[in-house]
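Structures follow.
The following pair of complexes shares a single chain, subunit A, combined with subunit B in the former and subunit C in the latter.
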Partner chain A sequence: MSQSVLYSKVKNWYLSNFEIFSKRLNGSKNFFNEIREKAVAKFTELDFPTRKNEEWKYTDITPILKYNFVPSALVSIPKLTLDEINKLLFKDFDFYLATIVNGVFVEELSNLENLPKGVIIGSLNKILKDRPELFDNYANDFLSIDNIFNALNNVYAYDGLVMIVEKNVIIDKPIQVLFINGNNESEVLSSPKNLIIAKENSQLSVIFNYRGFGDKKYFTNSTVNVSIDEGAILDYYKIQEENEDSYHIEKIDVIQSTKSVFNQFNINFGGELVRNDINTKLNGEYIETHFYGLYLVQGKQHVDNHTLIDHAKPNCLSNELYKGILDDNSHGVFNGKIFVRPGAQKTNAYQQNKAVLLSSGAKLDTKPQLEIFADDVKCTHGAAVGHLDESAEFYIRSRGVPEELAKSILIRAFANDVVEMMKIGELKEQINHKIFEHLHRIEFKNN
Partner chain B sequence: MNELKENKRPLEEIAEDMKVLEDLTKAEYKWGFVTEIESEVAPKGLNEDIIRLISSKKGEPEWMTEWRLKAYRHWLTMEEPKWPNVSYPPIDFQDISYYSAPKKRSQKKSLDEVDPELLKTFEKLGIPLEEQKALAGVAVDAVFDSVSVATTFQKTLKEKGIIFCSISEAIREYPDLVKKYLGSVVPYTDNFYAALNSAVFSDGSFVYVPKGVRCPMELSTYFRINAKETGQFERTLIIADEGSYVSYLEGCTAPIRDNNQLHAAVVELIALDYAEIKYSTVQNWYPGDKEGKGGIYNFVTKRGACRGKHSKISWTQVETGSAITWKYPSCILQGDYSVGEFYSVAVTNNYQQADTGTKMIHLGKYTKSTVVSKGISAGKSKNSYRGLVKIGKNATGARNFTQCDSMLMGDKCSANTFPYIEVENDTAKVEHEATTSKVGEDQIFYLNQRGISTEDAINMIVNGFCKEVFKELPMEFAVEAQKLLAVSLEGSVG
Partner chain C sequence: MLIIKNLHAVVEGKEILRGINLEVKPGEIHAIMGPNGSGKSTLANVLAGNKGYEVTEGEIWFEGKNLLDMEPDERAKEGVFLAFQYPVEIPGVSNATFLKTAINEKRKYLNLPELSPKEFLDMMKEKAKILGMDESLISRSVNVGFSGGEKKRNEIFQLLMLEPKLAILDETDSGLDIDALKIVANGVNVFHKDDNAVIVVTHYQRLLNYIVPDFVHVLYKGKIVKSGGKELALELEEKGYDWVTSNELETQSI
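Moving on to the complex of A and B:
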């Protein structure tokens, strides 16, 4: 089957499913439906990208389109117990828990008791129905749809997580959001849509924890819209550990206001084909943005990270550090764009991306990009690709450490620049364990 | 009948021609060649007959004509590329005359007749008086005979067995070499402009350096007898046989005004075992006026192949002219242990646009490449670095270092970098660094304090910024390039 035939066939598949889906919506009218109408039009209009598309130059999405994924709204949601999900959580520290299974918020598996006053966390669908006025000032920011996967998410999204933190509220504990995707019955498409609104001078820390369920192939196509208002601080950890044969596409769109701080961690272990788009618009002065990324892939995994930092106003700082570890026949892609708009003087923007290739089959494509339209700026970017330092390895081995362990220690040290920046000590520790675990190099003992 | 407007033949003769033409209305214009006393110009437009005409006018053998035709047929199937970060009005390829034999320039009697602006620039560049005359098209004194200088050069080269001639001559005299190498680095299928060039190229240089010979002098188009005019579609082919060395200079620092707006040249370099080619370019074509009107479109395909082991190709370029510069001198590192280098300074001012960089394709084992690119944008210009470093699956131990720095002067210009890095071998080491900055106020203050005017201070700082590239240029070129930079940036600060 030629590519274009396949592409249009898949498009028809999703559109025909939408007819079934829309009948089940019972004609409820809210802001969700408005987006959905636009999304259907956009999805019909756009084509799935080929590698001729500059944004998808190094990622071929054909594998995803070979399956007819059934939108999760049309199949039943797997029943999970608290014990089952407990195994999937990051532990040993206090947190609030929200669980989203195949894009649907599950109250029974969440623990959101004793939230501080002025914090709303819960099902997007429910909150939209009960209190639509909460979104009035944000609707425009959350309505933009700019690529076909983004559109597809908005076509089928009917729930997800919403987090609203009122002015001056500081949440005492991090919020762990567990996304469980997949199903034992059918090949499922999960489309969570998530919104985070951090109002003036609020502070919160969220951990988005993506895990797989069942043994069928599945496709997670998620979007997150974030608004960080004046003076607010958001720590955002994304830890993606989906099944190794699953597909994961997520777009995170952030708008930051004056004096806000955004710390984003993007850690990827799982997925056969993964694409992350993380965009932030620095729409005010004196903003700080930090992007940290780490991906550890093997087998035939393919991870594509696209980041965009849009300096729209003067006096802001952005800092980006991405590290990749590629084993076997895996393929890594990094595309980091820094955009300094006319008038965004006194911008400081730094970007670095480094990768190690551990095997002769591994492949890396990277494209750091600077587009600068202001003169009084300091921007740098660096990229390095290489292999493990032989002399360092020799040094460790000369102290009686076996080869594979020596390598693992070096890899762990390489990843440490990113892990070290995390602010939750226990999380750091568990990520470090996961690095060893995913390396498959030494037998992993959980102590 | 625009193409006939300069014709000086009697009217009735033209009328007769018109009649013949009318008979052939539906057919393509076959004899669209007007012979005049002063010049030969092919009619505007491009078709197979025009290509046959160009080929026959140059007395080319059948295989060459066929090659051109193949390129043309391929070109027809291609689309004009739109991806570069430049914008310009669409080009009408049927509105260009593809062949024009060198015509005699109207000679001026003395320098007094030359545009004083041009003379001022010459002075700033420190070009000797006699050269100034030659460049401005003034009749040259009998004392300064460039032809005789060139002839002495030719003699020395001949003794060493080095072939240095026009590509047309090479096609006639050395068909085996041309057949073997022409299009082997840049095939006519490569890109839109390379295909166009392959179909219609007018002239260019051919260099062959035999085994083990070190070319004793810098070869420069300036001293080649047959090429007094810069061609619109130049084709250059340089072959360095085993163990040889050659340094080639292209262009000159003097501003060159040319009526052809579109320039699409192709340069191919081939280095065999242990050979080394050094290719230096200084490009200062007319960039258009301060409002961005006019100016040359410079769309060039330059590529070198390090075929042999331990071979080396080094590109150095100083790009200050042209309204639009769009070129990526590249190296294909096929031979084991081969080396590719790229040093570039690109300056844009006013409304100039430059999208330039390099491609380093590592195929052989232990290949090395270095890329140093310095972009300076001023005025309302757009300056982009676009580069590719590709490490192939078998390029064990390949090594690359890339540094691209940009400097911005003023808040209306832009500086962009688009580096692509593709690594398929785990033993490779690739490093890329890029910075963007402006001339520091503290630096200027420091120099002002020592009695150096702001303008000189900026020149000094900019020259320091570009030093790593200038040191790669042949000495005389380097001195001129520094001055050229100052002239190009004139009036951009203040």
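Moving on to the complex of A and C:
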């Protein structure tokens, strides 16, 4: 089958399923209808990208299109117990819990009791129905479609997570959001649509924890829209540990206002083919943005991270550090765009992208893209791809440490610049543990 | 303890060691001196098993075992220790964890039980005190943000913790002021006993005022051209390396 035939066949599959899906919704009218209508129009208009598309130059999405993934709304949601999900959580610290199974919020598996006043966390579908007025000022931020996958997410949008934090509210503990994707019955498409609104001077910390379920192949196609209003601070940990044969595509779209701070961690362990698009628009002055990325890939995994930091106004700071550890025949892609718009004077923008290849079959394609239209700015970027430092390995081994453990020590040291920046101490150790577990290497514990 | 026979070694295609013979017995301190490029650091690295240095000829026997058959970590576990000229920084790994890992790997190799946390902590405190090391250095990442002097001191701290049979100090005195030099030398003297040995590799005689050698060897163009007692170091200091190297030239021309 030629590529174009395959692409149009897949498009028809998702569109015909949409008709079934629409009927199932049984005419229930809400905010989503409008979104879906626009999304269907976009989905029809756009094409699946080929590698001739500059944004997808190093990522071939054909494997995803070889499966007829059934939208999760058309199949039953797997029943999970608290014990089962407990194994999937980051632990040993206090947190609120929201659980989303195949894109649908599950009350029984969540623990959102005693949230501070002025905090709404829960099912997007339910909150839209009950209190549509909450979204009035954000309607325009809610639909941002850059590619056909974002459109597909919105075509099947009917639930996901919403978080709204009122002015001046500081949430006392992190909110862990557990996304469980996959289904034992069929090959499922999970389309969570998520929204975070941090109003003026609020503060919150969220952990988006992506895990797989069952033994069938599945496709997580997610979007997250974030608004960080004036003076608000958001710590955002994305930790992706989907099943090893799954597909994961997500776009995180952020708008920051004056004096806001956004600390974003993008940690990827799982997935056979993974694409992250993380975009933030610095739409005010004195904004701080920190992007920290870490990806550990092995076997035939492919992880593509695209980031965009858009300096639209003067006097802002952005700092980006991405680190990759690639083993076996894995493939990494890093594309980091920084825009400094005309008038965005006194911008400070830093980008660093480093990777270590643990085997001769591993590969990284990297492309920094700085487009600067202001003259009084400080922007630097650097990229380095190499192997583990042999002189450091000799130093460690000369103290009696065997080769494999010495390599683990160096892997840990390499990941440290990113892991160390995390503000939740217990999370650091659990991430370090996962690094070695995922790479199938001897763990080196720092204690 | 250590017997080196006709050792030849190549670095990046160039022969640096050209027939070294040396025997070190328990309780002895040997100084290896020589001008830059004479092969001093190469000898130290070859003994520790650095793969960047290829041995093309000769033998090294350590406690009756063939050292050249052993991986760097095996050599360390058998009791060879190299204090590096340029210690490596390891971010995110604390000195304490690093040393505990190394010590317990060695103990495992020797069929000894792991040290308990208390035993380890007490040992750390005792050794740190000898070197006047701030205890905060112990919890910091290995060599990260250490000054040149702190790094060298940390090498000697590792020496005291690992208690090898043979310590090789590669230019441990370089970059040290006189106070730091005395502290480091004192650490080595605390380590040194009748049943272990030290090889001090140095360019200058200065360190040998504090670590007094039993033998001094002058290395030149990959060979030991002169050996003697501690007074040889003083003579070298006074007359310079030209004195031995011109002797060497004379012997070559005969």
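Of note:
As a working rule, the second predicted complex is superposed on the first by the 442 of 447 C-alpha atoms of A that agree within 3 Å, B and C clash if a C-alpha of one lies under 4 Å from a C-alpha of the other, contacts with A are read in each partner's own complex, and residues count from 1 in each chain.
Keep in mind that, in the parts below, contacts are C-beta pairs under 8 Å (C-beta built on N, C-alpha and C of every residue); 3 or more make two chains touch, one makes a residue touch a chain.
Please read these numbers as outputs of a predicted model, since none were measured by experiment.
When the two structures are aligned on the shared chain, A:His387 is found in touch with subunit B, with no touch to subunit C. Once chain A of one complex is fitted onto chain A of the other, the partner contacts of A:Val377 are limited to subunit B, with no touch recorded for subunit C.
By the touch criterion defined above, A:Gly231 reaches neither subunit B nor subunit C. In the overlay built on the shared chain, the residue A:Gly214 is in contact with neither subunit B nor subunit C. Shared-chain residue A:Ser398: touches subunit C; no touch with subunit B. In the superposed model, A:Pro342 makes contact with subunit B only, not with subunit C. By the document's definition of touching, of the two partners only subunit B reaches A:Ser360; subunit C does not. Shared interface residues of subunit A (contacting subunit B in one complex, subunit C in the other): none. In the complex of the two chains, the subunit A residues touching subunit C come out as 389-392, 394-403, 405-406, 409-410, 412-413, 415-417, 419-420, 444-447.
Per the touch definition, subunit B reaches subunit A in the complex via residues 83, 391, 393, 406, 408-438.
Residues 48-52, 71-73, 75-77, 81-82, 84, 87-88, 90-94, 97-99, 101-103, 105-106, 109, 141, 158, 162 of subunit C touch subunit A in their complex. Here subunit A touches subunit B in the complex through residues 54, 58, 342-343, 345, 355, 357-360, 362-387, going by the rule given at the top.
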